[in-house]
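Below, chain A partners chain B and then partners chain C, in two separate complexes.
Up next is the complex of A and B:
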């Protein structure tokens, strides 16, 4: 890793993953994707689901994306490894270890998949192949790693087997022998998700993307899985990009949090900063929806009125306007993501003002962010 | 596995008995067998004596019991028309039908699976439209019409293929001769099957292609080919077996017309001529044999399911 002055980044280290102006839309015209789908521009029925999202992720960082369903988080995650359905159109840059992923061929991308970036998906039952045993699916991921490193001697069948077992132990499955010969339907939800994680780890990826990995699981299992992610991140220096709609899960695990709303990042900050001084009205509203164990008896959980708007790509001005309790006249204009406090970005023109208010609020009684 | 087969055979028994009852009752309702056996010139008195001899005056369940007893001993009676034992006739005609069915089924699946998968993988592209178009055509064209069309092209015009039969009369026979005779009937049967099967396989694979586990496989970076050939195809096997199971009775019905047109000496031809000449013992036997074959086909399908789908356990 050389220090390049041309890369006018404050960080001296090159980010592991850098995303610039990622825009994703779905629709009919998008199917005939020419080079990077520039052709689809004239499309009429296309719906924009992600609008010019940029962020970077450092090596070893634990980055969380939070937002309601339909805010474009999952789509963004899937687009990194180009796993979106065919009618999608992706514009912008995805740089992984300096390599432009959007320019790669499908074959070229296969070298990154699994070994560079691995993914864990939302529903572990449907994400595992129902007709193959865990052994077969796990060994497939293990072998992929050796396919990538051509020169090295391939491990024997026994070595692969013991590697598979150690992976299962690492993700907290105590009886690897038994698990290996089972089919996915014979496993519990938590076990399945652990198998999924083991499969993702098999390729020794430098980045693990987890797309709502705990949504389909019981709350107790959720906590265990989150612990596992944190452990992998801290002890093995694996970068993690976690997508969730549960802001409560984020508090204890993440380093940095991006709050997403309607296809945009509306706030980005280091985790403690974000929970202490949430600047964007949406972030504050999200925090108020989470129950905590140390709540005042009088504290009321508040819901956010309304829904994420349907075709949010077309909204002029702040996309949260309709649901915002603090809206004003300036909100009619497009909002930029600005650095309001050092390292704390917010897409709200009133953030400077409302930030003050937020600070007061959190000092008074809003500090009860969840601990589950 | 052995236990399961035994159990399934036990379950099949009442079904089979039901079929024999229906078979028997239908034929009893068809008329007085004496009138069929004997000509018009036999006197009423002689008929009455003969009826007593044959036990036709006994209660119907006794007659049914006697019939079943004979069948269990392999005696399906004597053909009214040819005066041959029916069992012999069935045996000699079963082989050609099974040959025709088996080859058609095989060819249909050899064609259907790769093209169905291709069609799904390349959905809404030129190749897909071509395949879907063909399947629509194949489904719509009636078997008898296609047969006549083929005969016109290959026999009348090009004079390449024989229009009927299984072997050239007086010829040396052999495999090539048989194959030449089989081309057209097999083509007709497999085209109609292929039409529907293509649609089944295509939609099954399409559903699988959208499945989450295929996305997982894709995310592993094992390459598109292995994603399809390993993960998708293995799952597509389950609907393929369903189609296979449904195809067996359809084939039996379809072969009647095709055998008739191409003069193929199979069960279909036998059935058809038996119906035309009101040869009831033969019709009864064919009905029974077809039912048994369909039952066996269902059993085989269920066993294949257990092999293909780990969630199905045979108990």
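Up next is the complex of A and C:
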């Protein structure tokens, strides 16, 4: 780790968000039987979609989650604010500013939603109400956040209006007056997403969770939105958790990257470290599947055979085994997420070897001095 | 452009859609989706079309495939004028052009088994005798990397990537000479996208196919294409060898597009280089990229958007030379 990030660490010792052993499963029966008595759990048919995920997020950190669809990254994000459907079962701890979110009442969680953690989703058209103007929806979220912050004087209509305009200007919409009186259908995809971000910022959240916010947008608009996120992250110390499947986006934005596969974090590292020395075979393969605009013309893209397994909760041993090109006998055992290089975690027993090699390389290079 | 070996050539094609109507049914105005495009595709070549949404690249693809009639201009396939011949169903040209769409879910009939999806077009166009149909379907499936047991199954039993493979097999069933791929990997995961891109590249080599590959993932389009055309508001603004377009772009739009595409390297972080959004209100005169262009000045108000050669590189043309 570099000196700067170490300094940063000391500064904010307590993580903003800490997730411990978060496990999520789906299945109607699970809930019904679980209610009556906990003993009934055993023979229940349910699908595990997230398996004991733990991580923490520091203040001002830009954390990216990357993985294919079906890796459980969206479910994890939704579960933080308890937005999952009824038939889900969530186990584990979600600590936000030291507060246990899973233990909060619905009312208490409402306070965190928006003012503590805000969320932006992939599809802004379905997230906005089609029958109300932007003004109505944006003012509502401003007013709502005001109610949550107790003891403050209720702003006047004019104050709200000017706050709404300043929010829209902040997210890069140059004509706030015009936007406010429009209906969502009259806006372009990029404008809608910006309105969503403005609504998310209304509560002055300390953490913004963005779930594939630019998947439906053009690269040019995507670059603008990512600039906005980085600006918020840098200038206002807002932590950002970005969920995406675009490796390029990760490289362009993240401080720290978590690679997810089949409901587990398989690798976690600082972004430069991850792209320079990917340890997990899945990460390595994933990085080679992305075509760049400045590639060598003779480059052949690598594809990962097969796809993410369906019911991965039941797989014993490494979940990537079937698709892995480097598998061996030891892979049939369960893999632990281990710190192989300082600050670089990987869930692959065989990565130890390549890790040692990598460590030797860094030692020789004289950059870092790992201890353990 | 060389005349020999050209399989598809279009000349000043325009496609306007009426916008709004007066009470007499006359159009109030037009959306100029494709506004005077001339391109040609050589045999065995893959031409990539890139641009933001709204740039008219999909409309152009549909015009080329004969799904839309151009408002103006001519489409020549080999030496046949498609705009004339298109009315007569049995001209036989239809089998030589195939199209693959982005959404593999809605382009397969959910009530048909894969065997029927693949053999029906062959039966209709009498591609091979009835008794050989099964073998032919099997050959197509193997070509796209699926197994025989897929034949008896229905589309819903397959994943997105597999469905796209089925769509590719169906497109190949009539032994086309040119395939138009409209954003075929946009809905897929990166690992699956790589599979499909590699497949298309292999098929192109193996079957000597010509292709038009439309997409907005610049890296992906570049990967399969030999030549690239960049579109903006219905016009081609730059055209060059695929390897060259993003390395030494001439047009400011190409440059901006290339910078906006997220490069998978954390050491190469970039700020967004293009402000504003694509505005369908095209300026009547001058360069249509003018409102967003960083290099725009007074002269751009009158500038024509005709393609001019860039330096001495053969085949590299651009509508603006300010970016060099």
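General remarks:
Methods note: the second predicted complex is superposed on the first by the 329 of 372 C-alpha atoms of A that agree within 3 Å, B and C clash if a C-alpha of one lies under 4 Å from a C-alpha of the other, contacts with A are read in each partner's own complex, and residues count from 1 in each chain.
Definition applied: a residue touches a chain if its C-beta (ideal position, glycine included) is under 8 Å from a C-beta of that chain, and two chains touch if they have at least 3 such contacts.
Only a predicted model underlies this, so the values are computations on that prediction, with no experimental measurement involved.
Because the two structures share chain A, they can be overlaid on it, and in that overlay chain B and chain C fit beside each other without clashing.
Legend: residue contacts after superposition of the two complexes on their common chain; A:62 is shown touching neither chain B nor chain C. With the two structures brought together on chain A, the opening angle seen from the C-alpha centre of chain A toward chain B and chain C is 70°, to the nearest 10. Touch criterion not met for A:345: it reaches neither chain B nor chain C.
In the superposition on chain A, A:286 makes contact with chain C only, while chain B stays out of contact range.
By the touch criterion defined above, A:190 reaches chain C but does not reach chain B. When the shared chain is aligned, no partner comes close enough to touch A:229: not chain B, not chain C.
Of the two partner chains, neither chain B nor chain C is touched by A:312.
Between chain B and chain C, C touches the greater number of residues of chain A. In the composite built from the two structures, the nearest CA pair linking chain B and chain C is 11 Å apart. Interface of chain A with chain C (complex): residues 68-69, 188-191, 218-224, 226-227, 245-252, 254, 271-272, 275, 285-287, 289-295, 297, 300-305, 307. Put simply, chain A touches chain B in their complex at residues 31, 78, 81, 83, 85, 106-107, 109-115, 118-119, 121, 123, 126-133, 140-141, 144, 183, 185, 196, 199, 203. Partner chain A is touched in their complex by these residues of chain C: 52-53, 159, 161, 189-195, 197-198, 216-220, 222-223, 242-243, 246-247, 256-275, 277-278.
Of all residues in chain B, those touching chain A in their complex are 124, 210-213, 215-224, 231, 234-235, 237-238, 308-311.
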